[in-house]
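Each chain gets a letter, A, B, C, D, E and F, in the order it is written, and its residues are counted from 1.
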Amino acid sequence: MKISARNIIKGKVKEIVPGSVNSEIIIETALGETIVSIITRDSVENLGLEVGKEVYAVVKASNVMVAVD
Amino acid sequence: MKISARNIIKGKVKEIVPGSVNSEIIIETALGETIVSIITRDSVENLGLEVGKEVYAVVKASNVMVAVD
Amino acid sequence: MKISARNIIKGKVKEIVPGSVNSEIIIETALGETIVSIITRDSVENLGLEVGKEVYAVVKASNVMVAVD
Amino acid sequence: MKISARNIIKGKVKEIVPGSVNSEIIIETALGETIVSIITRDSVENLGLEVGKEVYAVVKASNVMVAVD
Amino acid sequence: MKISARNIIKGKVKEIVPGSVNSEIIIETALGETIVSIITRDSVENLGLEVGKEVYAVVKASNVMVAVD
Amino acid sequence: MKISARNIIKGKVKEIVPGSVNSEIIIETALGETIVSIITRDSVENLGLEVGKEVYAVVKASNVMVAVD
(Lines give C-alpha, C1' and ligand atoms only; values in the text may rest on other atoms or scores of the structure.)
Protein backbone atom coordinates (compact mmCIF):
# COMPACT_ATOMS: atom_id res chain seq x y z
CA MET A 1 0.00 0.00 0.00
CA LYS A 2 1.27 3.46 -0.99
CA ILE A 3 -0.22 6.38 0.91
CA SER A 4 -0.73 10.09 0.14
CA ALA A 5 0.91 11.18 3.43
CA ARG A 6 4.01 13.13 2.40
CA ASN A 7 6.09 12.34 5.49
CA ILE A 8 7.19 8.72 5.89
CA ILE A 9 10.28 8.46 8.06
CA LYS A 10 12.10 5.18 8.73
CA GLY A 11 13.06 4.24 12.26
CA LYS A 12 12.89 1.69 15.06
CA VAL A 13 10.57 1.42 18.04
CA LYS A 14 12.51 2.59 21.10
CA GLU A 15 9.76 2.43 23.72
CA ILE A 16 6.04 1.63 24.05
CA VAL A 17 3.96 3.21 26.84
CA PRO A 18 0.64 1.36 26.96
CA GLY A 19 -2.53 3.18 28.02
CA SER A 20 -6.11 1.98 28.35
CA VAL A 21 -7.20 3.11 24.86
CA ASN A 22 -4.17 4.88 23.38
CA SER A 23 -0.50 3.94 23.58
CA GLU A 24 2.56 6.13 23.15
CA ILE A 25 5.22 4.91 20.73
CA ILE A 26 8.71 6.42 20.84
CA ILE A 27 10.51 5.95 17.53
CA GLU A 28 14.18 6.57 16.83
CA THR A 29 14.68 7.43 13.18
CA ALA A 30 17.48 6.04 11.05
CA LEU A 31 19.16 9.44 11.30
CA GLY A 32 18.79 9.73 15.06
CA GLU A 33 15.72 11.95 15.51
CA THR A 34 13.20 10.92 18.17
CA ILE A 35 9.56 10.93 17.07
CA VAL A 36 6.60 10.41 19.41
CA SER A 37 3.34 8.89 18.18
CA ILE A 38 0.00 8.22 19.86
CA ILE A 39 -1.99 5.37 18.32
CA THR A 40 -4.67 3.05 19.65
CA ARG A 41 -3.71 0.05 21.72
CA ASP A 42 -5.36 -2.17 19.12
CA SER A 43 -3.06 -0.78 16.41
CA VAL A 44 -0.01 -1.63 18.51
CA GLU A 45 -1.24 -5.21 18.57
CA ASN A 46 -2.37 -5.29 14.92
CA LEU A 47 1.05 -4.12 13.73
CA GLY A 48 2.90 -6.39 16.16
CA LEU A 49 4.88 -3.44 17.51
CA GLU A 50 7.64 -4.17 20.00
CA VAL A 51 10.90 -2.50 20.97
CA GLY A 52 13.47 -2.77 18.20
CA LYS A 53 10.97 -3.38 15.38
CA GLU A 54 11.58 -1.45 12.16
CA VAL A 55 8.75 1.00 11.54
CA TYR A 56 7.86 4.19 9.69
CA ALA A 57 6.51 7.34 11.31
CA VAL A 58 3.82 8.67 8.95
CA VAL A 59 2.50 12.25 9.04
CA LYS A 60 0.10 14.03 6.67
CA ALA A 61 1.67 17.32 5.50
CA SER A 62 -1.33 19.36 6.69
CA ASN A 63 -0.49 18.25 10.24
CA VAL A 64 3.03 19.69 10.19
CA MET A 65 3.47 23.23 11.55
CA VAL A 66 6.52 25.43 11.15
CA ALA A 67 8.17 27.47 13.91
CA VAL A 68 11.04 29.90 14.05
CA ASP A 69 13.19 31.05 16.98
CA MET B 1 7.05 30.05 23.94
CA LYS B 2 7.27 26.34 24.81
CA ILE B 3 4.62 24.10 23.26
CA SER B 4 3.08 20.74 24.18
CA ALA B 5 3.72 19.27 20.72
CA ARG B 6 6.14 16.39 21.29
CA ASN B 7 7.83 16.53 17.89
CA ILE B 8 9.97 19.60 17.22
CA ILE B 9 12.59 18.90 14.57
CA LYS B 10 15.23 21.42 13.53
CA GLY B 11 15.87 22.09 9.86
CA LYS B 12 16.09 24.64 7.05
CA VAL B 13 13.54 25.73 4.48
CA LYS B 14 14.46 24.08 1.18
CA GLU B 15 11.53 25.19 -0.95
CA ILE B 16 8.28 27.16 -0.70
CA VAL B 17 5.39 26.45 -3.09
CA PRO B 18 2.88 29.27 -2.71
CA GLY B 19 -0.85 28.63 -3.20
CA SER B 20 -3.83 30.96 -2.98
CA VAL B 21 -4.66 30.12 0.66
CA ASN B 22 -2.18 27.41 1.68
CA SER B 23 1.51 27.11 0.87
CA GLU B 24 3.71 24.04 0.86
CA ILE B 25 6.99 24.25 2.79
CA ILE B 26 9.72 21.69 2.16
CA ILE B 27 12.09 21.46 5.13
CA GLU B 28 15.41 19.65 5.23
CA THR B 29 16.19 18.57 8.78
CA ALA B 30 19.60 18.91 10.40
CA LEU B 31 20.01 15.15 9.97
CA GLY B 32 18.97 15.12 6.31
CA GLU B 33 15.31 14.02 6.43
CA THR B 34 12.88 15.88 4.18
CA ILE B 35 9.67 17.06 5.85
CA VAL B 36 6.69 18.57 4.01
CA SER B 37 4.34 21.04 5.71
CA ILE B 38 1.18 22.80 4.57
CA ILE B 39 0.51 26.10 6.33
CA THR B 40 -1.43 29.21 5.39
CA ARG B 41 0.09 31.79 3.10
CA ASP B 42 -0.31 34.34 5.89
CA SER B 43 1.82 32.22 8.22
CA VAL B 44 4.60 32.08 5.64
CA GLU B 45 4.61 35.86 5.68
CA ASN B 46 4.17 36.21 9.47
CA LEU B 47 7.17 33.95 10.13
CA GLY B 48 9.25 35.57 7.37
CA LEU B 49 9.90 32.17 5.79
CA GLU B 50 12.30 32.01 2.87
CA VAL B 51 14.63 29.40 1.43
CA GLY B 52 17.58 28.74 3.75
CA LYS B 53 15.90 30.06 6.92
CA GLU B 54 16.36 27.95 10.05
CA VAL B 55 13.02 26.54 11.18
CA TYR B 56 11.46 23.77 13.23
CA ALA B 57 8.91 21.28 11.94
CA VAL B 58 6.36 20.83 14.73
CA VAL B 59 3.94 17.89 14.95
CA LYS B 60 1.49 16.92 17.72
CA ALA B 61 2.08 13.27 18.72
CA SER B 62 -1.57 12.36 18.07
CA ASN B 63 -1.00 13.23 14.40
CA VAL B 64 1.82 10.70 13.95
CA MET B 65 0.86 7.27 12.63
CA VAL B 66 3.06 4.18 12.59
CA ALA B 67 3.48 1.80 9.65
CA VAL B 68 5.36 -1.46 9.11
CA ASP B 69 6.50 -3.17 5.89
CA MET C 1 3.03 -1.29 4.06
CA LYS C 2 0.53 -1.77 6.90
CA ILE C 3 -0.49 1.37 8.78
CA SER C 4 -1.83 2.08 12.27
CA ALA C 5 -4.78 4.13 10.96
CA ARG C 6 -7.89 2.21 12.00
CA ASN C 7 -10.10 3.35 9.14
CA ILE C 8 -9.17 2.07 5.68
CA ILE C 9 -12.17 2.08 3.36
CA LYS C 10 -12.05 0.73 -0.18
CA GLY C 11 -13.49 2.78 -3.04
CA LYS C 12 -12.92 4.37 -6.43
CA VAL C 13 -11.94 7.92 -7.38
CA LYS C 14 -15.09 9.66 -8.63
CA GLU C 15 -13.73 13.17 -9.16
CA ILE C 16 -10.51 15.17 -8.73
CA VAL C 17 -10.65 18.95 -8.21
CA PRO C 18 -7.11 20.28 -8.63
CA GLY C 19 -5.95 23.33 -6.65
CA SER C 20 -2.64 25.16 -6.61
CA VAL C 21 -1.25 23.27 -3.58
CA ASN C 22 -4.06 20.98 -2.41
CA SER C 23 -6.48 18.94 -4.49
CA GLU C 24 -9.88 17.58 -3.55
CA ILE C 25 -10.51 13.89 -4.17
CA ILE C 26 -14.08 12.55 -4.20
CA ILE C 27 -14.13 8.81 -3.48
CA GLU C 28 -17.11 6.49 -3.86
CA THR C 29 -16.74 3.54 -1.51
CA ALA C 30 -17.48 -0.05 -2.47
CA LEU C 31 -20.68 0.22 -0.43
CA GLY C 32 -21.80 3.51 -1.99
CA GLU C 33 -20.73 6.12 0.59
CA THR C 34 -19.10 9.30 -0.73
CA ILE C 35 -15.90 10.37 1.02
CA VAL C 36 -14.08 13.65 0.41
CA SER C 37 -10.32 13.98 0.91
CA ILE C 38 -7.92 16.91 0.64
CA ILE C 39 -4.35 15.93 -0.21
CA THR C 40 -1.46 17.75 -1.85
CA ARG C 41 -1.31 18.06 -5.60
CA ASP C 42 2.03 16.23 -5.50
CA SER C 43 0.39 13.24 -3.81
CA VAL C 44 -2.23 13.05 -6.54
CA GLU C 45 0.62 12.75 -9.02
CA ASN C 46 2.75 10.41 -6.87
CA LEU C 47 -0.14 7.97 -6.48
CA GLY C 48 -1.19 8.28 -10.13
CA LEU C 49 -4.74 9.14 -9.11
CA GLU C 50 -7.34 9.45 -11.85
CA VAL C 51 -11.08 8.98 -12.09
CA GLY C 52 -12.02 5.31 -11.77
CA LYS C 53 -8.83 4.22 -9.99
CA GLU C 54 -9.27 1.87 -7.04
CA VAL C 55 -8.15 3.56 -3.83
CA TYR C 56 -8.55 3.47 -0.07
CA ALA C 57 -9.70 6.37 2.08
CA VAL C 58 -7.53 6.28 5.22
CA VAL C 59 -8.43 8.07 8.47
CA LYS C 60 -6.71 7.97 11.88
CA ALA C 61 -9.31 7.13 14.56
CA SER C 62 -8.46 10.24 16.57
CA ASN C 63 -9.70 12.32 13.63
CA VAL C 64 -13.19 10.82 13.66
CA MET C 65 -15.86 12.66 15.64
CA VAL C 66 -19.28 11.35 16.59
CA ALA C 67 -22.56 13.26 16.27
CA VAL C 68 -26.16 12.52 17.19
CA ASP C 69 -29.41 14.05 15.94
CA MET D 1 -26.41 22.58 13.65
CA LYS D 2 -24.88 22.10 10.19
CA ILE D 3 -21.09 21.65 10.07
CA SER D 4 -18.42 22.26 7.42
CA ALA D 5 -16.99 18.73 7.77
CA ARG D 6 -17.53 17.09 4.38
CA ASN D 7 -17.80 13.51 5.65
CA ILE D 8 -20.88 12.71 7.74
CA ILE D 9 -21.67 9.00 7.64
CA LYS D 10 -24.73 7.48 9.31
CA GLY D 11 -24.36 4.39 11.48
CA LYS D 12 -24.96 2.75 14.84
CA VAL D 13 -22.70 2.38 17.87
CA LYS D 14 -21.45 -1.22 17.91
CA GLU D 15 -19.05 -1.05 20.85
CA ILE D 16 -17.65 1.44 23.37
CA VAL D 17 -14.23 0.87 24.95
CA PRO D 18 -13.90 3.32 27.84
CA GLY D 19 -10.49 4.72 28.80
CA SER D 20 -9.49 7.14 31.54
CA VAL D 21 -9.60 10.26 29.31
CA ASN D 22 -10.43 8.98 25.82
CA SER D 23 -12.88 6.29 24.77
CA GLU D 24 -12.95 4.23 21.59
CA ILE D 25 -16.25 4.09 19.70
CA ILE D 26 -16.81 1.40 17.08
CA ILE D 27 -19.52 2.45 14.60
CA GLU D 28 -21.19 0.24 12.01
CA THR D 29 -22.39 2.37 9.11
CA ALA D 30 -25.77 1.94 7.43
CA LEU D 31 -23.95 0.32 4.52
CA GLY D 32 -21.91 -2.06 6.67
CA GLU D 33 -18.51 -0.33 6.96
CA THR D 34 -16.85 -0.30 10.38
CA ILE D 35 -15.52 3.08 11.54
CA VAL D 36 -13.41 3.62 14.66
CA SER D 37 -13.45 6.92 16.54
CA ILE D 38 -11.54 8.19 19.57
CA ILE D 39 -13.35 10.89 21.54
CA THR D 40 -13.18 12.05 25.14
CA ARG D 41 -14.99 10.15 27.85
CA ASP D 42 -16.96 13.30 28.61
CA SER D 43 -18.26 13.43 25.03
CA VAL D 44 -19.50 9.84 25.29
CA GLU D 45 -21.52 10.95 28.30
CA ASN D 46 -22.62 14.30 26.82
CA LEU D 47 -23.98 12.59 23.69
CA GLY D 48 -25.55 9.75 25.68
CA LEU D 49 -23.73 7.18 23.54
CA GLU D 50 -24.56 3.52 24.10
CA VAL D 51 -24.50 0.40 21.97
CA GLY D 52 -27.22 0.49 19.31
CA LYS D 53 -27.65 4.28 19.31
CA GLU D 54 -27.92 5.95 15.90
CA VAL D 55 -24.94 8.23 15.30
CA TYR D 56 -22.94 9.91 12.58
CA ALA D 57 -19.20 9.54 12.09
CA VAL D 58 -17.90 13.00 11.17
CA VAL D 59 -14.52 13.63 9.50
CA LYS D 60 -13.01 16.87 8.14
CA ALA D 61 -11.86 16.30 4.54
CA SER D 62 -8.32 17.48 5.35
CA ASN D 63 -8.01 14.49 7.70
CA VAL D 64 -8.71 11.91 4.99
CA MET D 65 -5.69 10.40 3.23
CA VAL D 66 -5.75 8.33 0.06
CA ALA D 67 -3.83 5.08 -0.52
CA VAL D 68 -3.40 2.74 -3.45
CA ASP D 69 -2.32 -0.91 -3.60
CA MET E 1 -27.07 17.69 15.34
CA LYS E 2 -24.95 17.53 18.49
CA ILE E 3 -21.27 16.74 18.00
CA SER E 4 -18.54 15.20 20.18
CA ALA E 5 -16.11 18.08 19.50
CA ARG E 6 -15.54 19.72 22.89
CA ASN E 7 -14.84 23.22 21.59
CA ILE E 8 -17.79 25.05 20.01
CA ILE E 9 -17.31 28.81 20.13
CA LYS E 10 -19.92 31.29 18.94
CA GLY E 11 -18.93 34.13 16.65
CA LYS E 12 -19.50 35.98 13.40
CA VAL E 13 -17.75 35.69 10.04
CA LYS E 14 -15.42 38.67 9.71
CA GLU E 15 -13.71 37.82 6.42
CA ILE E 16 -13.62 35.08 3.77
CA VAL E 17 -10.49 34.55 1.65
CA PRO E 18 -11.44 32.21 -1.21
CA GLY E 19 -8.87 29.79 -2.66
CA SER E 20 -9.14 27.23 -5.46
CA VAL E 21 -9.92 24.28 -3.16
CA ASN E 22 -9.73 25.66 0.39
CA SER E 23 -10.97 28.97 1.75
CA GLU E 24 -9.86 30.85 4.84
CA ILE E 25 -12.59 32.01 7.22
CA ILE E 26 -11.82 34.66 9.84
CA ILE E 27 -14.27 34.48 12.74
CA GLU E 28 -14.69 37.03 15.52
CA THR E 29 -16.04 35.34 18.63
CA ALA E 30 -18.79 36.80 20.80
CA LEU E 31 -16.08 37.67 23.34
CA GLY E 32 -13.76 39.30 20.83
CA GLU E 33 -11.21 36.57 20.05
CA THR E 34 -10.23 36.09 16.41
CA ILE E 35 -10.26 32.50 15.15
CA VAL E 36 -8.97 31.38 11.74
CA SER E 37 -10.39 28.34 9.97
CA ILE E 38 -9.52 26.59 6.71
CA ILE E 39 -12.41 24.69 5.14
CA THR E 40 -13.20 23.64 1.58
CA ARG E 41 -14.69 26.09 -0.85
CA ASP E 42 -17.68 23.78 -1.21
CA SER E 43 -18.36 23.98 2.54
CA VAL E 44 -18.39 27.77 2.38
CA GLU E 45 -21.12 27.48 -0.23
CA ASN E 46 -23.01 24.63 1.50
CA LEU E 47 -23.20 26.59 4.76
CA GLY E 48 -24.06 29.86 2.98
CA LEU E 49 -21.18 31.63 4.72
CA GLU E 50 -20.85 35.38 4.21
CA VAL E 51 -19.44 38.26 6.22
CA GLY E 52 -21.58 38.97 9.29
CA LYS E 53 -23.22 35.54 9.45
CA GLU E 54 -23.46 33.95 12.91
CA VAL E 55 -21.33 30.81 13.08
CA TYR E 56 -19.57 28.49 15.48
CA ALA E 57 -15.88 27.62 15.37
CA VAL E 58 -15.65 23.89 16.16
CA VAL E 59 -12.44 22.15 17.27
CA LYS E 60 -11.88 18.57 18.46
CA ALA E 61 -10.03 18.61 21.81
CA SER E 62 -7.25 16.37 20.48
CA ASN E 63 -6.37 19.17 18.03
CA VAL E 64 -5.73 21.76 20.74
CA MET E 65 -2.15 22.16 21.96
CA VAL E 66 -1.00 24.05 25.04
CA ALA E 67 1.92 26.47 25.19
CA VAL E 68 3.57 28.47 27.97
CA ASP E 69 5.78 31.56 27.82
CA MET F 1 9.62 30.38 19.43
CA LYS F 2 7.00 31.71 17.00
CA ILE F 3 4.74 29.12 15.40
CA SER F 4 2.70 28.98 12.17
CA ALA F 5 -0.50 27.98 14.00
CA ARG F 6 -2.94 30.83 13.42
CA ASN F 7 -4.92 30.41 16.63
CA ILE F 8 -3.07 31.23 19.86
CA ILE F 9 -5.49 32.14 22.64
CA LYS F 10 -4.36 33.29 26.08
CA GLY F 11 -5.90 31.75 29.18
CA LYS F 12 -5.35 29.94 32.47
CA VAL F 13 -5.46 26.26 33.35
CA LYS F 14 -8.75 25.60 35.13
CA GLU F 15 -8.54 21.84 35.55
CA ILE F 16 -6.29 18.90 34.66
CA VAL F 17 -7.73 15.40 34.27
CA PRO F 18 -4.79 12.96 34.16
CA GLY F 19 -5.03 9.76 32.10
CA SER F 20 -2.54 6.95 31.57
CA VAL F 21 -1.12 8.36 28.31
CA ASN F 22 -3.17 11.47 27.56
CA SER F 23 -4.43 14.15 29.93
CA GLU F 24 -7.31 16.55 29.51
CA ILE F 25 -6.60 20.24 30.13
CA ILE F 26 -9.46 22.67 30.68
CA ILE F 27 -8.42 26.24 29.89
CA GLU F 28 -10.36 29.40 30.67
CA THR F 29 -9.45 32.12 28.20
CA ALA F 30 -8.80 35.71 29.17
CA LEU F 31 -12.20 36.56 27.69
CA GLY F 32 -14.06 33.79 29.49
CA GLU F 33 -14.34 31.04 26.85
CA THR F 34 -13.65 27.47 27.98
CA ILE F 35 -11.29 25.47 25.77
CA VAL F 36 -10.58 21.74 26.17
CA SER F 37 -7.26 20.22 25.08
CA ILE F 38 -5.95 16.66 25.05
CA ILE F 39 -2.16 16.41 25.28
CA THR F 40 0.21 13.69 26.48
CA ARG F 41 0.86 13.24 30.17
CA ASP F 42 4.54 13.89 29.49
CA SER F 43 3.73 17.30 27.99
CA VAL F 44 1.78 18.26 31.11
CA GLU F 45 4.93 17.55 33.09
CA ASN F 46 7.34 19.12 30.56
CA LEU F 47 5.37 22.39 30.57
CA GLY F 48 4.90 22.34 34.35
CA LEU F 49 1.14 22.71 33.94
CA GLU F 50 -0.94 23.19 37.07
CA VAL F 51 -4.23 24.85 37.90
CA GLY F 52 -3.97 28.64 37.61
CA LYS F 53 -0.92 28.68 35.34
CA GLU F 54 -1.03 31.12 32.42
CA VAL F 55 -1.07 29.23 29.12
CA TYR F 56 -2.01 29.55 25.48
CA ALA F 57 -4.39 27.24 23.62
CA VAL F 58 -2.85 26.70 20.18
CA VAL F 59 -4.79 25.39 17.16
CA LYS F 60 -3.72 25.02 13.51
CA ALA F 61 -6.28 26.73 11.25
CA SER F 62 -6.83 23.55 9.21
CA ASN F 63 -8.19 21.92 12.39
CA VAL F 64 -10.95 24.49 12.89
CA MET F 65 -14.36 23.66 11.40
CA VAL F 66 -17.28 26.05 10.98
CA ALA F 67 -20.90 25.31 11.87
CA VAL F 68 -24.17 27.22 11.52
CA ASP F 69 -27.50 26.79 13.32
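In this section, contacts are C-beta pairs under 8 Å (C-beta built on N, C-alpha and C of every residue); 3 or more make two chains touch, one makes a residue touch a chain.
None of the values given here were measured: they were computed from a predicted structure.
Asks: If you take the chains that touch subunit B and keep only those that also touch subunit D, what is left?
Replies: Touching subunit B and subunit D alike, sorted by label: A, C, E, F.
Asks: Quick one: compare the interface residues of subunit B with those of subunit E and tell me same or different, with half as the dividing line.
Replies: Copies use mostly different positions to touch.
Asks: When I count C-beta pairs in contact, which pair ends up with more: A-D or C-D?
Replies: Between A-D and C-D, the larger count of C-beta pairs in contact belongs to C-D.
Asks: Rounded to a whole Å, what is the gap between the Cα centroids of subunit A and subunit C?
Replies: For subunit A versus subunit C, the centre distance works out to 21 Å.
Asks: Between subunit C and subunit E, what distance separates the C-alpha centroids? Give it in angstrom.
Replies: So the centroids are 23 Å from each other.
Asks: Would you please write down the residue numbers of subunit B that are in contact with two or more other chains?
Replies: Residues 1-6, 19-20, 22, 24, 36-40, 42-43, 47, 56, 58, 60-63, 65-69 of subunit B each touch two or more of the other chains.
Asks: Between which chains does touch occur?
Replies: So the chains that touch one another pair up as A-B, A-C, A-D, A-F, B-C, B-E, B-F, C-D, C-E, D-E, D-F, E-F.
Asks: Would you mind writing out the residues of subunit D in touch with subunit F in their complex?
Replies: So the residues of subunit D in touch with subunit F come to 1-5, 19-22, 40, 42, 60, 62.
Asks: Going by the contact rule set out above, which residues of subunit D touch subunit A in the complex?
Replies: Result: residues 17-20, 22-24, 36, 38, 62-63, 65-69 of subunit D touch subunit A.
Asks: Hey, which residues of subunit A end up touching subunit B in the complex?
Replies: Interface residues on subunit A, with respect to subunit B: 3, 5-9, 24-25, 27, 29, 31-33, 35-39, 43, 47-49, 53-69.
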